[in-house]
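Chains: A, B, C and D, in written order; residue numbering restarts at 1 for each.
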């Protein structure tokens, strides 16, 4: 049995912890969280010991793997510290919050020869897996234009501490990961416009709640990424790719299939919130991580992928803040 | 921990066994199956002991509950024997294969005060649960006309030993259960036509592979049940109810949401096969059974429900075989 | 230019009159209607002369064709009188209101060698035309089971004077026409249940507002016809045929394609009312009738087709009124 | 009766000519076309006289209105010449092919007090009309993000003589018109990327066949326009607007509603080609033009609207050619 420590006792720390335990290959030995109450609760649920402090947990438990589900600005240090102790890491997205952090992470991961996997769970969703398989098998020919659409229900409180352009690192990053997975990392020009509509705190901090990102690959395709945190109609994750020979679509997913027709309206089952929409994807990505560690295989998506995604995020932030197109090569 | 024995080591025996184990409340202590190899395999997977014979398993293991997933003509004896030993029973559908068997079952269950639950898992599907909740909350008003549609992919081998009208007990029974659950058991006239298109063995045995059943409740609604074992486009379970104030629909479910458009065709994700379509429903019904046993609550659907459903099935068999409407009161 | 007389100045008289005029081949010379005001209004719109009386209009105008859009119990006499004067007839459905009337009509039409076409406009709808073409080209193989669904919005006043089972002649007749067109006229057993839910006048008169008709062709398919006059969600005309190799569907049609999503509901464009849903079909059937007259070709659907459809309607009426299956051969 | 001259005997000249004639208010007195054969054919169909030359047609027929459906680089001169003769003009899009031409047109139209209407027929489509009505009635609240998607089937020959960025004037102009109609003409920044994938002639001429246009209104919304001439799955015109309170969508339209399901594919009715998709819209816009002339009302969309749309098109051309965002105020 592998020993694992969970850092962060929020929703995703809990989801990953349970999925890890259910693989039957891993014992959760520690939960690290600043708030004791929340940390103790998850530790108890997972049969683990609670730690207030990451370093103490490493010393005490000598884990084989660490699962990072803490705020995004803490990821880089936690990854590097784990790497230097020879511990494999599964981290929630983003890897670091800029390319500078990401460079240091890649160096440390590669020097210390640990496995790193990033939690871009959308790449483990069966609709997206099927879409990519179809694209790769040339079902629609060469891609010409693509639309990636991601919309979160309006949160009742801010999901993170905003800084200029933070939405690209926290939210749009999923679409950048899809972009790299579907179309590769090649010379591209990135242009983004953005606005803060609903959250004055975002506006004050130079952050946004709605963005459009135009990505031009030099040999195609042209890609538009449309994101909003202001959806009142539910969670909505879609993709469409126009290829030379047809159109590939991933449609949104609803909770069940019961409808009531009343003439001018249909009662509509709710769209699934991310924990449900991606329930299977969260399980699969953790299983893939454990399998990669067991068989000493390459993880997906790994630190190089994370570095590339971060480069695009940096370009989009710069573009939105300065109003200019930014070329990534 | 409750101790349970699984009778029948086929697909459903395995599904129920795993779900039962995953409740955390039940230990699977025995698997009964005529074929030793198959029985041993499931017993090993569930951490149980293999038995060739039901009575020996009861004597040896003294279980609290029995899960019956053996051929339908064996259900009645197994249920009655369990009841006489004071053991709770979850049985796959149908309860017995005619009203004569069902009467004996109901007597024995009630005399011995055991819990009986029947595996009409469709009633635990979230789309059907939501549909019933909407109907009961008067979302469409009084029901006028309903359509129940159930289609199985053509099997490569016969799913059971046919006898005259066996399809009503084995397959249409799910729709009869939905009928009773949605519209109650009241005076009704049942008329059924049926044909054996694809399986000459069915025709020879007086059985069918396609049926229509017209059910007229005397105070409404009128209900049509459309079933076929000859679907080449996949599994398809639907319902629609026209009410005084609107239309209620349960649509079919697809496996994922990736589509390719090519001008005159769309690549279509496969419809889910019953094990996947009803994966959550199978889990929920077993959890409900364990909960009913624990809390000494009424099971759903119980032996009285099973008796009512069997009365309708008998009427439909008689109608198809004799070509006349049959009234059930 | 052919000369035509329109009998009946209601909605369908007007639709047929305008379509006839727009062919550019026909002059509307007379409009016959009992109410003078309504008749004058349509006559003026079509540039025709108003007549209170059919015979006078024939004498005065010596028309080449008559369009019958008057109440259904007047059709037989009008057709026969036209036939005896050698005038071609396009009549709204039904042809006559029972097989007795229909026999006389067929004799008279054939003796006098006129063209008769019946207004089963659904057979000229492009979705139904395409469905039939696909069925005939073996797209789904041999048909096994079919569902025909027809629902009218609840009318605010009674659409006709009810008599026992009149709904079969007035409304279900469209589905019987689809049945004969798609699956032919062969030995079949017809069984129908019906109820009068919304209109006490129907109940008193022995008529119905909701029906189910089970039709068993002896060599297949099994067909269910589901009709209701009590739809609160709009007009809804659908068809599905399960064949050996796949499923053929005609879905309902909406007015436009604008939707608003609000989380648990979708604003839904209204379903088209029959005048709009079948606007092109009404035009096509009249054009086909004029073409048949011009080229001395067979009409579709003709008096023999009408006779067959009427036989099925009579069987369904008898079945609903007496509660027994009725065989048609 | 008004007298009208049609300039251009192509598909749209014919559509407009027939619709104009069908209003019953207008006589088509002349058809102008460089190719005599094509011009004579349409003239004969419309009961008009053929002219090789526009000025001769004006002198000879003294029309009240001119319908321009000739190549886009001829529009400006034809409009101005008509205006100077006091003749009302309906012109196919675009008005002129740049803001310089458009200024001259606006001056001439306003000085000579004629009516000008531009053929942005999408604004007369019932789905788009309903969408705008819903937006204006605050059905989704303040608009945050919008997607406009327009895809043409790959043409077998080039639809026009290409010049740098001509696609914006010929094709994307429809989306710019929708933009102005839905969100107004206010300070905005326009950024466009584009590629020539399928037509080497476009590439050589500095033109494109696929474009993305990012439009940022300063007080919102953010709008993405996605266009392609390379659709192999058919014509596809869609819109979606995310508002503060919900999502508004215009979905694509199919030809009929017949489907065949085969397990992993659905036979899909073709998407309507523009002449069919917008058949009613073409009729409505001509009727609106005639009504505006009759009642001396303002046309929609008029020359000021056309000027605004042209300013956005110029900005998008400049952005695509120079790779920079362009602000329009």
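In this text, contacts are C-beta pairs under 8 Å (C-beta built on N, C-alpha and C of every residue); 3 or more make two chains touch, one makes a residue touch a chain.
Computed from a prediction, not measured in an experiment: that's the story for all the values here.
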Chain labels contacting subunit B and also subunit D: A, C
Result of counting contacting C-beta pairs for C-D and B-C, higher pair: B-C
Farthest chain relative to subunit D (centres taken as mean CA coordinates): B
Self-contact between copies subunit A and subunit D, residue sets same or different by half: same
Separation of subunit A from subunit C, taking each centre as the mean of its C-alpha atoms, in whole Å: 58
Rounded Å distance, subunit C centre to subunit D centre (Cα mean): 41
Of all residues in subunit D, the ones touching two or more other chains: 232-233, 245-247, 261-263, 267, 269
Contacting residues of subunit B [partner subunit D, same complex]: 232-234, 261-271
Of subunit B, residues touching subunit A in the complex: 126-128, 130-131, 134, 139-140, 245-253, 255-263, 267, 269
Footprint of subunit B on subunit C - complex, ascending: 142, 144-145, 147, 149, 151, 189, 191, 193-195, 197-198, 210-212, 214, 216, 220, 222-224, 226, 228, 230-233, 236, 242, 244-247, 323-325
